[in-house]
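Across the two complexes that follow, chain A remains constant while its partner is chain B and subsequently chain C.
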Partner chain A sequence: MEKIKLSCAKCGFVIEEYTAEELATVPRKAKRYQYLKNKSSICPSCLASGRLQDVRVNEEGGPAVAAGAAAPASSTAAPVGHEEHAESPTPMMDAISQGRFPSHATELKKTKYPVQMYEQALQQRRTQWGYGGYVSLPGVASGVLVRASARPEITKGSNFVRIMDPCGNFFSTASMRGLCDIADKYAYGLLHLLSTGGDLELLGIPTENLKPAVEEITSLGFDIGSTGDDYRTSEECIGPAKCDLTLYDTLGLRAAWYKRFLDDVQYPRFPHKIKCKFAGCPNDCVRGCQKADIFLCGVYRDAPKVDQQKVAKWVEAGGDITTVCSRCPGQAMQWEAGKGLRVDEDSCMHCMYCSNKVPGVRPGGDRGVAVLVGGKLRGKFGPMLSRVLVPFIKAEGPDYKEVFDCIEKFTEVYDANARKKERVGDFILRIGIDEFYKLAGVEPSPQLLKQPRTNFFCHWEPAEVKDERRH
Partner chain B sequence: MPGIGIPSLEASLPPIVKRNYGKWTSHEHIRPGVIKHDAESGEACYTVRAAMPPNARVSTPTMRLLCDLADDFSEGFFRVTQRNSIEFVGVPVGRIEELIASLAGHGFPVGGTNRSLHNMTCCTGYMHCHLAATDPAAIVKAVSEMLSKEYETDCLPAKLKISGSGCINNCGEGSCADIGIVGVHRDLPPINAEKLKGCELPLVISVCPVGAIRPKGPGMVEIDPKKCIHCPACSVACAAFAPIGSANGDGVAIVVGGKSGNTGDGPALAKMVVPYLPNNPPYWPEVTETVRKIVDAWVANAHRDERVGEWINRIGWEKFFRRTGLPMSFKLVDGYDARSLEYARTNVRFRW
Partner chain C sequence: MPTITLGNELFEVDEDGFIQDPSRWSEAVATGLASEEGISELTEDHWKVIRFLHDYYSQFGSAPMVRKLCRETGFDLKTIYRLFPTGPAKGACKLAGLPKPTGCV
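Right, the complex of A and B next:
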């Protein structure tokens, strides 16, 4: 069987691997192969930049060791071990351990974490950790990071692994105990249960233990990824698993997203990271409009459904309908005892407030997904909210093809036009929103706008003007 | 080896969720920390929510203990929420009090639902980060202790979310929250000539948002101290600009009024109200005091269902600064790009 490997020209790190058959028969793989081959990439192992090398290997029988990937000399991966640190006093951490709320300081002390790193940081009012980077591990392009240490006498540094969270962040105790065992066996024995990006992190895995640790994690059914310039772990709200307001199946959509885009989560190839978040309704419990480069938000287009009997019952039982009517952002609701609740469809902006507060008011039935892009909390120009790209698409399972095609089209535009290390929001700001709409190929619609422009400086193409004096 | 994707939906969901997946009809808050969901089948699902250590840092012994509780009370499943609380889903109604007492006995207070302080999120800070300008985990712990009554009772006008980030990279989501505590650097990044050889100079120069980094001879750059805005963009892009931070330069900024929901005034990013407070471990008294002032002013003056940002939108920034007693300064406006005029008022509808 002939295998085609795209590897770093400098260190030989294998970025992607295909069989000859795949390239001939699967257009998606072939396209990706061409794409990666023609593009200048940064090697996740040695951080060298340049065109990838195309290595063809004939592998007979069992899986052979990937050529070149055997032992790439890595400058960033510090040899990490659990150094013994002296039993020094920790007055600051002891102070933080006090009180009614659970404390991270108490937790750190129960593990092999080098507590003096934290204690010294608090005493000196300055972090004791140093610059980090990616760790090269054959076959793993994303998911392992190293944090160097500025205090080598306490610890030399620490590798950590990012594990993608399961659906709805539900864990069975069996799988969690498995993760605990791995953490005890290979790492500090400290879990970062949910990073704000939506990953579970295991800290302090020595470099020589990384491979067995990753293998045990995957054999437990979890997967790693989400570091570097790729899709980061996507997050979804609890959706149909436990919420009565969700407008589409967020958990199903996320599972389908991973089926389709897993390669892009585990192999960095974009100009910068892309964070995807999926919220079931405009309440946006995942904070997608602030944090996500691509944000899918459940929306509905018709009026909210009012169950008058249920509402009347709720009001009788002491429900505060006056506050709800007065706090409705569109002033769309009117309550009259005896006549019931009236919702003015022209004023309703489908914000979910009434549905949150009144049990008898439910979202309407014409449901779909809005795609917003460009939210971020830093990047070059600081925090930005996301902007509407497509106001409404039907979200239909099981593969959500229409929604994901839209995302893919957008990432291609971003990939082709953005500069390196430029988040989506910064990219849109740089090229201008009108140009961006044009590139993205979206239909003009009032749902995209906050307001039309106040100046008159429109650009007209000669073809639009049809005036001989323009030429 | 990687490439298997996330665990399947089937394997991750508890039985009560699988039975009623997508068939929930309504929810209500039974008491702080306990939510009831009703399903079409008539089944009721009780969820108990408890606080976890800041940054969801849990040691394996503690995790095993929580697993034992989940085995006992919620059919062997639990979930971690977006705000780093732990939720036991499907607790039998008769055993809720027992679970709450058991959690409290192990040091996990139950609360953080509805009109209360929701569990505070933060980033890793001094624990495991090279960019941290402050330690949000310790600050979050101190603020939680101060607001423990607000966490355990429904006594606020609306929900209150407080988040802490160690630096302006905002991994801890300070800018998303009603009150955000964000670490800020004030020192200039160093330039390590040796490490600079490993970086791409065009990238290093272009990551700077204000153009403060410019070439200085072959293979070397310099930083203009007059232009630097202390975003650690260069330190993230290239190891030559690390380490940044100093004991007296680093500190904390406070932002208010962020929210993501479309209710009320819609999604908003938090706005800065205090540009700098010193780092003062282990309890950060200046920070907790400022948070207290903002919370007290909000509780005393806000209408029902009015989040911090919506309260400020109604009363205006003049009244906000007067009610909280925070000092005003021109550090709160930003003049570095085309959007700078957005910060200046264009009407005379003053509130005196």
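Right, the complex of A and C next:
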């Protein structure tokens, strides 16, 4: 069989590989081939730029496949992801396994994960997995994904399910044992414990086992979801379960969130995914300002509470209070040896710097939640920080109706006006911040500025400006 | 190209069973494809969704967004998944004779 490889003209790194039959029959691949061939690209291996070279190899496999990879029986129609590779040599993974620190290579080898996929990836310096996508399972709208394989002779691909984690990522050992049993029975026996989205993934479930696996997971009390254009699994900081700085009950708010929005987590209906993160205080340990489309941040409005005795004790023990005062961004703190620490309420920016540094200074009592929208790392226009939508709402349990009504109103605006596959940040950038606040029905306030308390441009509606020179 | 016989007519379909020529769609096509999607009987609710999708496609040449489908038919997304177990994009669009939706729906 003739194989056509598009490779770097300088170092010979193979970018894409096709068979002659594929190019003749599959129009998508033929189009991709023509596109790559006609354009100048940068080689990921040697970073040389230029046209790609068209190499035709007239045999099965070719030089790119190492001798060790030929061991598994290739076309025995084995179910997805359950092939045995124990006997194949894995020199690169063995090298990684050496040393004292626990290694992922050691862990992967203990399971049914196709280790040759990783070994070949290390040898060829590029991943051997292919594209990803969603699997349609009757009655299940979201939560089942597939990762295709670029090396079908090693594995045919891997299905996986995404399990929504409980609030605070607390798993009891009993329920974890149940999940482990399911993973052993149906999957690789490998838990991807808390993916970057904050959910638990079971890897390598064969297609015919998907339905019983999902049924067993739901019977344990867990639920699957969080794929596609819906609310993704939200992440929250540990909050009142472990931290003393938290300004509202993040865990309770997330539980209420699932009670109200579970349908939107499991049934995709938005223009694009919406990631939500809940931080207990402006320290923002969950990195919501950078990463989340909707970010609820705990804030307080009054001055920080100062326990003068504790502060004095800390200063006596060698605490550097003058440095803390000089680094306060609002210059709101003043320390005098006899009189103690004084905080000016109007100048305080509620940045948590003093609370993090000085034991006696704690956040104030007038607490609530700020709603920020539009942060993201990817999307059309690249990384963006989120903007304030509502500077302060009281977060009152158990149902947090005020907060969620505000979010629902915002998502309706997003749903009605955004284009397909447009993240919140891109949508706001496209229609403009003035227009967005008008659609969302937000009253203008100084807190909505991108950089409050700095020198800024005022911008006015044309109707509001009365240019006297023209009259 | 695989084919499927519905009624007495022969239709060309793609690898997922979507008929290739939407202009040849008729109600017999929807009834014929229903069992493939795990629907035992097409009720009036099913027909409401299918007719809306087909009318929208013949008017605008593309599948509507999920939000529009929900608003125009009056069903929420959960109901649509109950009616069409494989979902609005795969199940309902197939029965309405639309080409396969692009993207990860």
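Keep this in mind: the second predicted complex is superposed on the first by the 368 of 471 C-alpha atoms of A that agree within 3 Å, B and C clash if a C-alpha of one lies under 4 Å from a C-alpha of the other, contacts with A are read in each partner's own complex, and residues count from 1 in each chain.
Keep in mind that, in the parts below, a contact is a pair of C-beta atoms (placed from the backbone, for glycine too) under 8 Å apart; a residue touches a chain by one contact, two chains touch by 3 or more.
What you see is a predicted model, and the numbers here were worked out from it, not measured in a lab.
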| item | value |
| --- | --- |
| Partner chain(s) touched by A:Tyr134 [first = chain B, second = chain C, both, neither] | second |
| Per-residue contact with chain A, leading partner among chain C and chain B | B |
| Touching partner for A:Arg125 - first (chain B), second (chain C), both, neither | first |
| Contacts of A:Leu193 with chain B and chain C, given as first, second, both or neither | first |
| Touched partner set for A:Ala9, first chain B, second chain C, both or neither | neither |
| Chain B versus chain C as contact partner of A:Lys420, first or second or both or neither | both |
| Chain B versus chain C as contact partner of A:Cys325, first or second or both or neither | neither |
| First, second, both or neither for A:Pro268, with chain B first and chain C second | second |
| First (chain B), second (chain C), both or neither touched by A:Gly228 | second |
| Set of chain A residues, in rising order, touched by both chain B and chain C | 133, 139, 420-421 |
| Touching residues (chain side chain A, partner chain C) in the complex | 133-134, 136, 138-139, 141, 228, 263, 267-271, 415-416, 420-421 |
| Chain B-touching residues of chain A, taken from the complex the two chains share | 47, 49, 92-93, 95-96, 99-108, 110-111, 117-118, 121-133, 139-140, 143, 147-148, 150, 158, 160, 164-177, 180, 183-184, 189-197, 203, 214-215, 218, 221-225, 235, 237-238, 240-244, 246, 249, 251-252, 254-255, 258-259, 262, 266, 282-291, 320, 323, 327, 329, 349-353, 356-357, 359, 377-378, 380-385, 419-421 |
| Residues on chain C engaged by chain A in the complex (per definition of touch) | 38, 65-67, 70, 76-78, 81, 85-87, 90, 103-105 |
| Touching residues on chain B, where the partner in the complex is chain A | 1-9, 11-14, 17, 21-22, 24-28, 37-38, 45, 47, 51-64, 67-68, 70-71, 76-82, 84, 89, 107-109, 121, 123-132, 135, 137-138, 141-142, 144-145, 148, 166, 168-173, 175-176, 198, 200, 203, 206-207, 209, 231, 233, 235, 237, 239, 242-243, 245-248, 250, 258, 260-269, 279, 281-283, 303-306, 337 |
